[in-house]
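Across the two complexes that follow, chain A remains constant while its partner is chain B and subsequently chain C.
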Partner chain A sequence: MLKSQREYQEFWVVNNKNRLITQEEYDDTIVDEFDQREIFDIIRSINDPEHPLTLEELHVVTENLISVDNAKNDVCIKFTPTIPHCSMATVIGLSIRVKLLRCLPSRFKVKVEVNPGTHNAECQINKQLADKERVAAALENSNLIKVVNQCIAPRHLG
Partner chain B sequence: MENNLLSYLNNETLENLEKEEKKYLQISKEVTRDIKCNTLSIVNLIEHLRCLLLNNLYTRREMGVLILCEVLKGLETNMINTEYIDVLSSYFAEKLKDHHQVATSALKGVLTLISFPNCSSKSVIQLITSIFNHIMCQQQQQPDRYKIYQIYEMVLTQHGHVVDTMQNEFVYGVISSIDGERDPKNLVYLFKWIQLFLKKVKLAHLTEEMFDVLACYFPVDFKAPPKDTNKITREDLAQGLCECLTCIPDFGPHAIPLALEKLDSALKIAKEDALEILRKGCQNYMVETYKQFSLEILNQLQKDIFTVDDESLRENCKETLKAIINKLESDHDFKQSISDLTSSLKSNLAPGLKVFHRTTEFLLAIAEATAVSSLVVVQIAGGFLRDSYESTTDSADKSQQLRAYINFIKSAMNNNSKSILHDNEEIQKAPLLCLDALLEGDEILKTEGLKGFSEIGGYISEDVRGILFKHIKENIVVTQSDATRKSALFLCFAKMSEQYPVEVDNSVLYKNKIQSCEELNIYIEYLSHSLVNVQYFENYLINTFIGYAVCDVDCSKVIFDHLRYFLEQNTRFIGVLIEKQFIPTLTNFLSNIDNPEVNWLLNIKHVLTVILRDQSTEVQKQIYENETIKVYRNELMFNAVLIGIIVGLKKSVFIDSDKIDFLLNNVMNSSDYFIKDASLQCLASVLNKINQDLLEGYLNKIQQCCNVITGDDKILLMSWVTKSLVTRNHSAGWNWTNELVNLLNDNIDCSSGFRLIVRDEQNPLSLQNDSIIMPLYKQKFFVFVTNKLCEVNNIDKAPYFKTVGYLIENAPRQAVLGQFKKVIRLVFLCLEKSMEAEVLEIILLRLTEFISSKESVIENCLEDVLLRILDLTTFESSMRVRIAALRGLKEISRNYPIYKLVPLQQRVIRKLGVCIDDTKRIVRREAVDCRSLWYLLDADL
Partner chain C sequence: MAKLELIQTLKKDNGRVWNVSWHPKGDAFATCGEDRCIRIWAKDLLGKWSNKVVLTDGHKRTIRQISWSPCGNFLASASFDATTCIWDKQSGEFECNATLEGHENEVKSVAWSSSGQYLGTCSRDKSVWVWEVAEENEYECAAVLNAHTQDVKKIVWHPTQELLASASYDNTIKIFKEDNSCDDWVCCATLTGHDSTVWSLSFEGNGSRLASCSDDCTVKIWKEYTPGNPEGISTSDNNSVWKCVCTISGVHTRTVYDINWCPLSGLIATACGDNSIRIFKEDSDSGPNAPTFNLICNVEKAHNEDVNCVAWNPVVKDLLASCSDDGEIKLWNFVDS
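Right after this comes the complex of A and B.
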């Protein structure tokens, strides 16, 4: 139950691994812009399709490989597959894309790419992830959306 | 005659019986009744059953056997003699060779026959041998296997001499029968009686066979099916199996290697079960067996304690280690073995090594196991730690070393007598090490030194004590910035006070007045926490409180800040305060005070109430009479004392109508908030306690006053009066409540009166204060007011919304749920039309609470609730409301059936699309979580 700033703070600390809330964030009149950390908080808990670990725990996503431009409504995420020939890189990219599709306002143009030099099929994956129609088609595939949902689902639901 | 009586036993009836129809049970009952009445004998029965028992069809024979079994089951021991049992046993032994359907039915009869105490050994052996020879247990169904095990258990418990006679034949038969059992219910039963079996029989050359039959289940890997009605868990099975494997010494040489093999596994349950065997085995296995495997066991446990990160598993390893070391104590090489083990590990205790912590954990477990091992560890590992402490420069390392060292010393103290420890070199040196830390170290080390002193209290030399006490004296008046250091000082001071009260009294406590209020505040805090449980200091403590309370204004303020909480937690001191004439002394002092601070006044009022309420009627009367006639220089102070005393009085004590007029006058005319508020509370307390006759008159008087005053004063007076009446369930309370409800239409502040009535915070009306508190008064009030509000026409006004919010916030859960159907209209109106963020948040939080507990009242109007909550996710003027609404939606997605939510899913997701672009980050975060859950509502995961 939210009764005080302190409780907000505790809630935030427990659930967001030490992102501290600033005084401004409690102020209803101040607008909080989207930042790297906020995007990172959205995608850090995505589960890896093969391991019982999150993308953050596997260092597939890191805060410094995320960029946000509030003025241009641009978000760019670079992810690092665990190995250069990782066969799940596309699924991971797709999971990040779907998660952001569901959790970021539609005004943002989201770009999800493989961190340059970290995967053998980098260009191919980037092309697939950038192609809206292919992403939409992928999400119509019941098997694929099941895998993506499993990656996105919080641990207690999976 | 007999034929008429036994018409139910005619051939036609018997031959038409069907097993499934259960009619045979009715016939069996009638037969049993007739045998008990001696109208039928067993021989006659068997003659009548001839058509079934000798029938060519096995189904008919089975029916005959079933009737016979049922009849036997219903008979008492004295109704059937040994000869009959012998004949029947021979018959049933034969039937066990019959068709399998007949044989399995006959098992019921065998069980009944064996349960008769007068069943002869010959018959038991005949029946058991027949089972061994003709019934293949593994081929039977689960209930029949269960019956066979019951027969074995019955033989064990009732016919032990038969087991002695049969010896290996019985053992072999049982082993053959139980081998390969897979049903969990049967296994739980088996594991229970097998323990008895193992203890009663000599397994001899069949020990290994028996062990193998049981060991194949180890470690138990079982997950109960979701719809399992037996409620059997893995733990039940694992515990039963462990008891079996450890109940006889003969299993030791087989069980320990098995446990060691499984302990090496990566599977947590395998490790846990293996540790259980090693630990429980200590009760029955031979020392020699443990000695034989000691090296492997200690190596494996050491490996696990050093490498396992799971804390509970590591604790388990340490407990097992302790049990095994304890077991090995009787071995003549024990001391040498522990000495060798400790010596081999002591180098791990060098500063900065990664294995330092795990090594101390391992050695501490060994030290805690026995008296000898604790002394060896203290001597070798403790000595090493002390030497390296002296040569270490890093403070963090030193602190770790000191902690480990003190833990070793503590284990020796717990395991050995004082006479042994007094001559121990390390015990003598430990206080010096703590002293060094206290004097030379930084803050962390100083804290560790204090903790060390509190743990080795009884072994500190006089010289060291002198220095330590000086340190404590200096520090208990100083602010400690570090919380750990502060709690260590509290603990050390408390321990020293327990062990050396006279010295602490002479060397630590301040006998002269502490001049600085800041220092006094800290000093009193230490005293009230550290000395409170030591009888010796009771006098000093109370004298200090009294002395400073009446010394000067500043000191008195400090004392009352502490006394307020101190007396509530330590009521035994109240009697001492009264004995020492604290109240007259205090009031003499207070009567000469000018311009007191409000906080001090509040504390004085509260402390006087706490002291007074525990006194007898006579004492209360005496204090009231003596103290209320004193003349005070300050009006505020007089009111604080007077009200403090009155609130604590028992029902029969206060009959002073002048004082009620005085209080009422304060309420009406005083311009001071403290006086007005305190008088209102006091008036409510009095009205709640005085008898019915007096009450009527005062209520009329107050009613007249209410007609004179307006605004907040009127609302507050009416609210407190209403509260005092409602809590005692006085009929006038409902008239006053009506008045308050009527005021709502004109006055928005009136709603706060309703909050005051249902809230408990700072409430003078309590059972402790001898107020009349009727059970369920809040429920009644809630129902009454909400019913009234339902009758109001123009309910869509802010004061009504606020009232609904305050009532729902503070009313008991069951009252709100019970009245929900009526209240829901008001709740919906509030959610739709109220612009008060506070009210909306209150209602949303309460609704979320009901949603989390899956209340059906919400489910019945789920769509209505959901849509209103959904609208508030974009409530502009307060992010708290938006967050509360989002959390409510999140809980809905988790707690109600998906089929009811799916039709609303897209609508919720669309609306939450706006929330994820909220201006506030905290709201966005909630919206993201919430939207993700709604997206996954019907997802196949």
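Right after this comes the complex of A and C.
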């Protein structure tokens, strides 16, 4: 538990570093297309399956490794596993996919890939994450979906 | 200009529809998907397609594919729950009277041989099983084939022979037959050429060629060269060789999930992850060893999401059914004007 207001504020500030609110965001007349930043906001708070930290805090996801093409309905996320032999890389990728699946309109085609050169089994992980049939089967696996849901769930303070 | 005219859009399933399968008589079809039910559709008195029967309680997880027996009396369903169910109407209503177990995990595909004597299944456990249909709802496992090194996505039988083709996540296609000398099923050919998962297969009407589609965004046409073929393509062990004679690339912009070669018209339809349905026609001027297939119809946004399956009606020429992740089933009429 965070004990004081001050601690809470520090927590908040840490979690919101580099997050400046632009004037456009206050302007209701601007049509708000999905952009890098909005996608990043959806996935930054996903929890790591093993550590009590978010994917943003572990630098697994960063805003500059996200690309969005609204016209083509394309969203591509490249994530960086913490170590090149990370055994949780598939679960992390799956959590990112599931979170976006639940948050984005269904028209989007989401691709989640390992940031090139950052994992030993990069090709296998990418192929598995891109196979919607295997992703669908994985999400019917009660143990796996429990882990994924824990990663996606908002973290309880303390 | 050739086109696909939309006849009707159907929606009943909750969530993704994985497969559409026409009854051999062509007057009904079955669909299945994420909602664990099988639906059977037929025309109502007004001539509109409507949902006649819903089969529930057969499976505990997604139903990936369904397949009618050649006689039309049996329907087989392959599920992520690792079982295959056989449904029949002997009691007057559709009932599941046999459940085939044995695969370690998700069953991805099921298909009946043209004689109705065999049933094939394949799974994420990398194996292909051949079941022999015995009497009275009995199915005996005739072979467990472990030739693939990864998840097996799809199996199809040859239209006239007891020859089984399988497509896999290991990027290959394999062909199996019964070896009469040892009374065992063996892998008699491996077709390599795709650069990623092979999702689906379809034989040409006479069985001499096979079309495949893949995550590598291409379609390939494979031709059988039998021993002693006039082209002089070498064969070994008295087995046919299947060679890729045509690759269609640069047309599909995403994974091609399904392909169907119409035995009535010779047209090839594809279902793609870019939401499109495409129709290809063979160029009559091209040679048999280097055929060319032309894209004659491209329906962009045929569905709102990935198209998972395309199926030509086996009786009514140019009638095509498709289904999608968007939960819809569509019926189309192909018009070549």
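The working rule: the second predicted complex is superposed on the first by the 127 of 158 C-alpha atoms of A that agree within 3 Å, B and C clash if a C-alpha of one lies under 4 Å from a C-alpha of the other, contacts with A are read in each partner's own complex, and residues count from 1 in each chain.
The working rule: contacts are C-beta pairs under 8 Å (C-beta built on N, C-alpha and C of every residue); 3 or more make two chains touch, one makes a residue touch a chain.
Being a predicted model, the structure only gives us computed values, none of them experimental.
*Asks:* Looking at the overlay, does A:E122 come into contact with chain B only (first), chain C only (second), both, or neither?
*Replies:* So A:E122 meets neither chain B nor chain C here.
*Asks:* Of the partners chain B and chain C, which touch A:K109 in the superposed model: first, second, both, neither?
*Replies:* The answer is second: A:K109 touches chain C but not chain B.
*Asks:* Once chain A of both complexes is superposed, is A:A136 in touch with chain B (first), chain C (second), both, or neither?
*Replies:* Touch status of A:A136: second partner only.
*Asks:* Which chain, chain B or chain C, is in touch with more residues of chain A?
*Replies:* B
*Asks:* For A:E56, decide between first (touching chain B), second (touching chain C), both and neither.
*Replies:* Neither chain B nor chain C is touched by A:E56.
*Asks:* Does chain B (first) or chain C (second) touch A:P154, or do both, or does neither?
*Replies:* first
*Asks:* Between chain B and chain C, which residues of chain A are contacted by each of them?
*Replies:* Residues 106-107, which sit in both footprints.
*Asks:* For the complex, give me every residue of chain B touching chain A.
*Replies:* It comes out as residues 841, 845, 877-880, 883-884, 913, 916-917, 919-922, 924-925, 928, 931-933, 935-936, 939-941.
*Asks:* Within their complex, state which residues of chain A touch chain C.
*Replies:* 106-107, 109, 127, 130-134, 136-137, 140
*Asks:* Show which residues of chain A lie in contact with chain B when the two form their complex.
*Replies:* 1-2, 8, 12, 16, 21, 25-26, 28, 30-32, 38, 41-42, 99, 102-107, 145-146, 149-150, 152-154, 157-158
*Asks:* Please give the residue numbers of chain C that touch chain A in the complex, ascending.
*Replies:* 16, 34, 61-62, 64, 80, 105-106, 108, 124, 151, 153, 169, 196-197, 215, 254-255, 273, 304-306, 325-326
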